[in-house]
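Across the two complexes that follow, subunit A remains constant while its partner is subunit B and subsequently subunit C.
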Partner chain A sequence: MMLLLLIIGGLFTALITPVICSRFPKKCGYLLSLQPFAVALYLLRHAPSITGGEPLRYKVEWLPSLGLSLSFYIDGLALLFALMVSIIGGVILIYARPYLGKHPDLTKFYVVLQIFISAMLGVVCSGNLLGLFVFWELTGITSFLLIGFDHEKKSSRTAALQALLITTAGSLAMFAGLLIMGQAGGFELETLLAGDGLQRHSLYLPILLLVLAGAFTKSAQFPFHFWLPRAMAAPTPISAYLHSATMVKLGVFLLARLYPVLGETAYWELLLMGFGGATMIMGGWRSPFQDDLKAVLAYSTLSVLGMLVFALGMGGPYGLTAMVLLTLAHSLYKAPLFLVAGNLDHETGTRSIAALSGLRDKLPLTFAVGLTASVSMIGLPPTLGFVSKEVLLEAAWKHSPLAVTAITVTAIGLVAAAWTAGLKPFRGPPKPTPRSPHEAPAPMWSGPLVLALGGLLLGAAVGLLKPLYQAAASAVSQDTVAVSVSLWHGFTPPLFTSMSILLMGAVVIASFDKLSPLMKLSLHFDRIRPSRIYLKCFDALFAFAARITRMVQSDSLGVNLSIILWTFLLLGGGVLWRLGGLPGQVTWEPKWLEIVLGSLMAAAALGAVFAKAFMGSAILLGMVGFSMSAVFMLYGAVDLAITQIVVDTLTVLMLVLVVHKLPHFKNLSRARNKLHDAILSISCGLFVTLLILKAEQVDFQQSISVFYNDHSVPDAYGRNIVNVILVDFRALDTLGEITVLATAAMGVILLLRGNNDKRGGETS
Partner chain B sequence: MKKPSLLLEMAARRQTPVLLIVSLWVLFRGHNHPGGGFIGGLLAAGGLGFYSLTYGPKATRRYMRIDPIRLIGIGCLTALGAGLMGWLGGLPFLTGIWTDLPLIGKVGTPLLFDIGVYLTVIGAAVSMLHAFEEA
Partner chain C sequence: MEPFWAVIVGVLFAAAVYMLLRRHLAKLAIGLILLSNAANLLILSAPGLVRGRPDFVPEGAQVLGPGHADPLPQALILTAIVIGFGVLAFFLALMRRVFLEVSDLDVEMLKE
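What follows is the complex of A and B.
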């Protein structure tokens, strides 16, 4: 229970955030950070038993009949990710307060961010595939809201929409994959992981491709990578947290989670190493040559995400250990680097690399953060960056020369990127900037410094991490992984590779000015880049949607209604035909009341058609309704009868309200249109009659009304079966219906207000 | 808005409270006799709609003491909350929970759920009527 409260606690604190933010405007960052820090403490307290092989479990049945339960399962892998999410989340909550300053939407920012933290914890701790998917989608939606935080800028809005469309398109595909997987191996993660895996399942390849679609879009792998650099439109703490340290790693997390089920096949290796490799090289070499500080970091993040996928593709004890360590190392250096970029932007008013220079005296503490973090990113000992790179190279050496080459090429680019992002702005002579810089306030350097120092110290004392990374790697492979990492491995091939990377990196940095134009030249290939394809598809989709809308939804109510009715006739006719065509012999012994009511209704309906004024037509239609309820009464359907009466009364009320706004009846339709309308309405009437007669004769499976009759009083303590069905047996349907009702009401209100706005809102 | 006729005015003033009370009665008897949240809500909406026809939307909102648009949200949340109660007790979502109260008899979350339906229906119907009136 404690576990559940902590994981979805953010959803509750999000509810009271407005109060906290208005009561404690200065301290709200600290107060809100207590929640994620509490999660971290709880996890750390249980860490020894989790890494000792005793996962935490918690389960609430949600819809047991569908296999849908809210279950949490925290093993080594989940622990690693949950710790990163909660600790960095707390740091970001504290950082954001001074960063956003007097921003009017501060409260909104905090609310969404806390929902995001809960959603992230939900994904990584989820013990059920369907639960995982729900939380996964929640991260996508909150990410959308946060990227579009500056919603008054068009670029933010399009970037947010792009990220949302790409990741949800992927996650829809993934959902299909998860469903097949759940059918084949069970939705509960533990059952699935303990099973034999699906590598030899006949649908293995479709499952793999669908899941990869979700993972690759979320983790911004080539060719879906382009949403990530554009997502930098978000406030910097968001970029640091969502788009670098946590959310974009979810794709990697999912692949790691499903490694025992889908991994270690030729397809797996080919696809992951292929796409991961392309992403890491592309990102690594684009990164250092960007001018926007955040773009540098975004592309290097892409590169590392590619590396993580690549490592999972290689697999094996070393590949998995490298994936785990690199995930941690990257979060601990990239989040601080982003926050350094945030400080620089905040204090100088620019993010352009060309404009930032010589800031080490003005922002000494920010410089300390940048220095510590870049050392880890470059991969110098004794940082965690160095250790993880060594293990990655070790895995590559065990795999193939090609893998070593790919990683080497990428790492050289990343060395240059670390230089550009973390060190270059602080070196050289100061340049004038839009704002005169001062050191950022304490919350803006202390948290990042802790993270960066963490990356340094945990590298130096990597032995301390041993239970965590071994447990995480073992959780990935569902087998004991006992790779032991240390700073000094002796003179091994990885060490020499690592040294040559540093050397080449230094060469790149030294000849930066000569390489820069060369890299700019390569931008000419951008004509075929995926983001253009996305834009083309996007525009085409809108054009297509507009065409369809014009076709089926014209402004004329008559045309709309005809389309609906013709569709109904065609589809319904098909059903009737499949059930064996026209109904057979019908027996009917008319009661006199039926005849009276029937002729009344027919007369009123005809009258409504030929009425000369709107009001007359409305009243005659009301008459049809009231006679209808009399028929219901005749057969003892009291609830239906009452409902019909009240609905008709309300309808007449509404008609009275609008009638004086409508024009008088005029004869505008041509004879041909009238003929069409007559044919359509008469055939609809005939068809419905046939359908009702037929329904009497079709022998469906055993009627369900017997069940309701038997269970209504003993189980639901109600004698009115209609009501019991509505509020108890089928309450979920009713819940859906009132939601539809609420949505429809909102639609009506907005439409009417939009046309004729008296309250002074937006009219477009 | 021109002044409504005296007949309408008097009728609305007396009829609306009666209809509201009747609607509550219909709501609460619904579990055992014809009625329920949906019908009750429509009845109440009919009464309030009549009032609104006579005195206008502003006066109706004053009479209700709450913006009907808010009722929509409150209603949906009430129904959702009724469903969550069983779930918090470890049962599947929307499972009814019942207790025996002295004098009143069986009381359970389905009744709360029905109240949610009632409020949603009133909110939706009245705010739509108002939207028509104000358009």
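What follows is the complex of A and C.
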């Protein structure tokens, strides 16, 4: 119960956030951070038992018939992610308050952010595939709202929409995959993981592809990567938290979660290493050559996400341990680096690498954060970045030379990126910036510093982390993974690779000015970039919609009506054909009274059509109405007859009173149109006749009138069954009818008022 | 007698549709009236017609014997008549308003 409260607690604190923000405008960041920190504390308290192999469980049946239950299941993997989400979430909540300052939408920001934290915790702790999907979608929506936070800028709005469209398109595919998976192996995660896996299931490949579509779009893998750099339109704390440390890792999380079910096949290895490898190399080498500080970080994030997918593709004890450690290390250095970028942007007014220089003296504490974090990103000992890179290289050496090459190439780019993002702005002589910089307020450097120091110290004392990473890796593989990591492994191939990466990285940094024109040149060659394809599809969709609309939605009433009627004839004709074609032999015995009445009615109707003046039509319409009334009388519908007489009298009066001033009919339509309309209307009339004749020859279900007949006197105490239906059995319908009449009457009054020619009388 | 009424309903429908396709607003009103009459007649004749036996449960009886008209279509038509009347009243008032404002009742001209 406590678990449930903590996980979805953010949804409740989001409700009272407006009160907190207006009561304690200065302290609201601290107050709101209590919730995620409480989650973290709770998790840490239970951490020993979870890592000891006793997962936390909580379950409420929701829709048992659909296999849907609200269940949470926290094992090592979930624990790792939940801790990252809650601790970094708290830091971000504190950081955002001074960062946004007097922003008018501060409250909105906090509300959405807290919903996001709950959604994230929901995904990583979910014990049911369907529950996981619901929370997953919630993260997508909140991410959309936060990217578009600056909603007055068009670029923010398009970036938000792009992120939403791509990730939801992926998650829709993923949903299909999860449904098939649930059918095959159960929706509860524990049963699914404890089962034999679906690697030999006949639908394995479709499931894998669908799930990968969701994971790759969420984790911005090539070729769906381009939404992530554009999502940097969000405020920097959001970029740090959603688009680097937590949400974009959900794709990786899902793949890790489903590793026992889908992993370790040839397809898995090929697809994950292929796409992950492409993403990591592309991101790693684009990153250092961006000019926008946040773009540098965004591309390096892409690169690391690719690396994580790559590590999962390699699999095995070392691959999984590397994945776990790299996830943690990346969150602990990338979030601070983003926040450093936020501080620089906030204090100097620019994010351009070219403009930022020599800020070491003006922002010493921010520099300390940047330095600590980039050391981990470069992968120098004794940081967590170093440790995770060593394990990754170890896994690659065990896998194949190709994997070693790919990781080496990527890591060189990342060394340069770390230098560009974390160190370059602080070095050299100061340059003038739009704002004169000074150190950011305490909440803006203290939290990031704690995270960055965490990355440093946990690397130095990596033994402390051992239960956590071993439990997480074991949870991924559902088997005991006992890889033990330490700072010093001796002179092994990974160590030499690591050293050569550092050397090459230094070379790239030294020859940076020569390389960057080359990199810019290479951008001109890729005409078929995925982002262009996206834009093309997006525009084509709108053009297509506009064309369809132009085709079927004319601004002419006549044309629209014709389209509707022809469609009616076509579809109706189809139904008639399916029911066995034209009606069979019809028999009837003529009765003179009916024939006279019916002919009179038809003649009057045709007369009304061909009359030259409106008054003539009005009188003929009156005749149609009174004939109707006679027909009702004839067939025992007394109430109808009475109503029809009243209504018809009023109609004729209305026509005469209101419209007698109108001019005579003019001949407005051309002969060709008249011919078309005549053909269409005669077809409609003929079709309706056929339909009625056919209806009498087709058996339908028994009329519900029997019920009304049986209950009218015993239950409703009324002898006129029609009346009883109206005022008793279907009284709500009658109420609706009265409402319609009252609305129409009000409309009539309003339309007649406000001119000097008041006649009235038609509201009756 | 139903086949005969089917033909009459068809004639009414054809006349109504033809009027609805005209460009003069007043003709649209005529089409509307014809259409609601046609629809009512259609509903009435659909379950079969019984001459001269209204659905009144006689004194002393609990239910109606067989061979009476179906009460359900009648209840539906009653609602339809009244609603149709409301719509027509609104339409006529609107039309009058339009005529007073722009002195034209051509649907195609009103587009602009």
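Everything that follows uses one rule, which is that the second predicted complex is superposed on the first by the 547 of 764 C-alpha atoms of A that agree within 3 Å, B and C clash if a C-alpha of one lies under 4 Å from a C-alpha of the other, contacts with A are read in each partner's own complex, and residues count from 1 in each chain.
Note that in this section a residue touches a chain if its C-beta (ideal position, glycine included) is under 8 Å from a C-beta of that chain, and two chains touch if they have at least 3 such contacts.
In this text, all values refer to a predicted model and were calculated from it rather than measured experimentally.
By the touch criterion defined above, A:V656 lies against subunit B but remains apart from subunit C after alignment on the C-alpha atoms of chain A. Residue contacts after overlaying the shared chain place A:L735 against subunit B, while subunit C stays out of touching range.
Contacts of A:G685 after superposition on the shared chain: subunit C is touched, whereas subunit B is not. Of the two partner chains placed by superposition, only subunit B is touched by A:P64; subunit C is not. A count of residues in subunit A touched by subunit B and by subunit C gives the higher number to C. In the superposition on chain A, A:P517 makes contact with neither subunit B nor subunit C.
Contact with subunit C, but none with subunit B, is seen for A:P714 once the two complexes are overlaid on the shared chain. In the superposed pair of complexes, A:D639 makes contact with subunit B and with subunit C alike. Look at A:V748: by the touch rule set out above, it reaches both subunit B and subunit C.
With the contact threshold set out at the top, residues 638-639, 643, 647, 650, 654, 658, 661, 719-720, 722, 726, 734, 741, 744-745, 748, 752, 755 of subunit A are in contact with subunit B in one structure and with subunit C in the other. Taken together, the subunit A residues at the contact with subunit C in this complex read 555-558, 561-562, 565, 586-591, 594-595, 598, 601-602, 605-606, 608-609, 614, 617, 621, 624-625, 628, 631-632, 634-640, 643-644, 647, 650-651, 654-655, 658-659, 661-662, 665-666, 668-669, 677-678, 680-682, 684-686, 688-689, 692-693, 695-696, 703-705, 708-710, 712-714, 719-722, 725-726, 730, 733-734, 737, 740-741, 743-745, 747-748, 751-752, 755, 757, 762-764. Subunit A makes touch with subunit B in their complex at residues 60-64, 638-639, 642-643, 646-647, 649-650, 653-654, 656-658, 661, 716-720, 722-724, 726-728, 731-732, 734-735, 738-739, 741-742, 744-746, 748-749, 752-753, 755-756, 758.
Against subunit A, the residues of subunit B that register as touching in their complex are 26, 30-39, 42-43, 45-46, 49-50, 53, 69, 72-73, 75-76, 79-80, 83, 87, 90-94, 96, 98, 106, 108, 110-111, 113-114, 116-117, 120-121, 123-125, 127-129, 131-135. Against subunit A, in their complex, subunit C makes its touches with residues 1-24, 26-27, 29-30, 33-34, 37-38, 40-42, 44-59, 61-64, 68-72, 74-75, 77-79, 81-83, 85-90, 92-97, 99-100, 105-108, 111.
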